[in-house]
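The same chain A turns up in both complexes below, where it pairs with chain B and then with chain C.
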Partner chain A sequence: MTAGTAATGAVSPLLTRLAEERATGALLRDRGTLFLEDGRIVHAESPATPGLEILLTAGGGLTRERWREAVDRAGARREVARFLVDSGGLAGGELEICHLAAIFDAAFFALSPGSGPSRFRRGATHWIGSVRPVPAEAVERETVRRRELLDAVWPYPLLDTAPVVPREAAPGQTVTLRQRALLRAADGVRTPAALAWALGRPAFHTLLDVRRLAAAGLVETPREPAPAPAPAALPAWMTQAQPPDVALLRRLRDALEASL
Partner chain B sequence: MPGIDECLLEAMALPGARGAALVDWSSGLALGTVGESPVGDHETTAAETAELARAAAEYETFAATSDPAARPAPGAAGGGPGGAAGAAAAGVGGPPVEDLIVTTRTGYHVLRFVATSFDSSVFLHLWLDRAEGNLALARMRLRDLAEGLVLR
Partner chain C sequence: MANVELALKEATTVIEGAIGAALVDYTSGMALGTLGGGKDLDLTVAAAGNTDVVRAKVRTMEMLGLNDEIEDILITLGSQYHLIRLLRSRGSQGLFLYLALDKQRANLAMARHQLKKIEAELEV
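Up next, the complex of A and B:
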């Protein structure tokens, strides 16, 4: 954990600099994109997380038709969020709560160590519009806290990507409501990310719940893959370049020329 | 359109209010904070109150079902095929626990769960001075504020 704390300022040096410059645009990385306005984060999305649309519509609280209507009618002027609230589809507080959940969720993956190099597209904005900007520094700090939290709960990162396999509860063991919903959706094939989509929950929340379940023995903890056997050395006769058989090549050439 | 900040500022208008926050109890993230924190750091307070809220929100003892037959059998953790409807109901049926009150020597803490139209896990936390705070008033006001956050 100390390593993580020490790295707080180094989640993304580019993001830190853009925040200082009060830049506006899109910070693109392999695992997600952060949208900045005056150096603050106004939106984030990642292919690893269910976006705002899924989070809002999965439970049926907002219909997909209403979401689509908002995108169609207000997308071009980049005020989808405001349209959703003004048209009565969603309460203002609800929108902020869900949008913040989506920002921190996507940022966690976008800023993950394996997310590759960063590019910045200056001036780019997102059609969702302005909801509740978050300081970049708060997002970086929370991202580090989340990494540490996962490992504090149950330090088995393989759980994050492996299919979730439920186990029988011990007699008398408490399984909470949300855990039950997750376990019911875990069919032995779905990964935590797939479960997040199915349940309409943020991907990080699902990772965290799966780690908690594994720590409680309610989900199988995948074994570390056996270390790959050291590649067996190939015999010398396969690897050592042999001098070409010049006499054979000559005879072949002569034969080919003779048959022309 | 009352947002998170307006809601927290209104909570701080209560007599004896020292600090308020909107917290996600699943992850321990503070979505918004105002005033002071009892430990001088809102993020620590959010993580700690989240653990308390998670326990209360999740355990069956505090689930609002009055009909014992409607309760799932204890230990029914496995992925039985018949439980899909229950999953949906648990997601959007509103939190069974309304609020949590912790009394300390010097203060009151009121945690009020917020019911949203989508699957979420958030609550309002208000910290009150024991001498100046009015617990009954604060509880009612927090209820109204939690409802105001999701009022269309």
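Up next, the complex of A and C:
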């Protein structure tokens, strides 16, 4: 491991090293995969996030048929992104913005602390092709910022995985259009991840909206699970301090002094 | 059919007095792209901070029951203008363009007009 790895206080030491090596391939973790090209991140996906297809089609910028056509016709040569733009199905700016959103969203989950060990498959590429590479360092920095932001808004991580239960607004309390759409879709069963899929929004954005709504009292904050039962108490003779054995200490002192 | 980098480049070169520009996602506070700025103006920090400005204004409009959209927000400092232009026509994501201008050199009316044009190009 090189010296630079420690300096960044990295989210993933392996990712930092691969970026330094300008590696190309896929970094696989339990909660997602990052694709690198020359050490820069060119794509990311995670089972926890809706992904590029959903983000592009939910906004109405692209039809599902167009997407499927692009995957069918350009997937094998790994140029889906270029095909979408060149065929006039999608504006370059729109693709780039949604693609960046998808990368940072998937990376947030892929690089989360509980995402398990990392493996790297050297040389692996993704069929989406090239859009706009992002420095690995920028992705790591943003991932850390996002973690801190969630806890700054409302430090209850249980909200991220529990079903979202709306609460009645206080008199005069208003929510934004986006939040209203989220609350309407929250049926007491869907988790934030399920809501992200249903609304076609990035999963992190949904986590953040749910935390904001919970902070405003518009979503129930789940209680901490009951603390685990206290372990059986140890017998007193193991835990209570014993009076020092004065006779033993005297003998030790005498022996030490005798050897001086 | 400009991409993000081109749009920001245009904003900082075409618009007179531009100090820096950023394209910002205002739910997460992440800058999708920045250009210019420098050590006196950290655009990444400005991006994150100004999302609170935008969200506060959006909430206020809801409270007032104004059934309208924000086109832009102007913040006037002693030596700078900060111009926030919300991008419409994005179903899935709320974005804004953020532009910092040198007050001495900038023509505000012109800058707003040009920013509107850049927004249109980014969205076409």
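In this text, the second predicted complex is superposed on the first by the 219 of 260 C-alpha atoms of A that agree within 3 Å, B and C clash if a C-alpha of one lies under 4 Å from a C-alpha of the other, contacts with A are read in each partner's own complex, and residues count from 1 in each chain.
To be clear about the criterion, contacts are C-beta pairs under 8 Å (C-beta built on N, C-alpha and C of every residue); 3 or more make two chains touch, one makes a residue touch a chain.
What you are looking at is a predicted structure, and each value in this text was computed from that prediction instead of being measured.
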Here chain A is shared; do chain B and chain C fit on it together or clash? clash
After superposition on the shared chain, which partner residues are touched by A:185: those of chain B (first), chain C (second), both, or neither? first
Which partner chains sit in contact with A:69 here, chain B, chain C, both or neither? Use first/second/both/neither. neither
Touch count on chain A, higher of chain B and chain C: B
Would you sort A:37 into first (chain B), second (chain C), both or neither based on which partner it touches? neither
Given the touch rule stated above, what does A:171 touch, chain B (first), chain C (second), both, or neither? first
Mind working out whether A:94 is in touch with chain B, chain C, both or neither, as first, second, both or neither? both
Hey, what residues of chain A end up touching chain B and chain C alike? 55, 58-61, 85, 91-94, 96-98, 100-101, 104, 132, 142, 145-146, 149, 172, 174-178, 200-202, 204-205, 208-209
Show which residues of chain A lie in contact with chain C when the two form their complex. 55, 58-61, 85, 91-94, 96-98, 100-101, 104, 132, 142, 145-146, 149, 172, 174-178, 200-202, 204-205, 208-209
Per the touch rule, the chain A residues reaching chain B in their complex are 55-62, 85, 88-94, 96-98, 100-101, 104, 132, 141-142, 145-146, 149, 166-181, 183-188, 199-202, 204-205, 208-209, 218
Would you pull the chain C residues touching chain A in the complex into a rising list? 1-5, 7, 23, 25, 27-30, 32, 48, 55, 58-59, 62-63, 90-95, 121-124
Using the touch definition up top, name the residues of chain B that touch chain A in the complex. 1-5, 7, 22, 24, 26-29, 31, 43, 58-60, 63, 72, 74-80, 83-84, 86-88, 90-92, 114, 116-122, 148-152
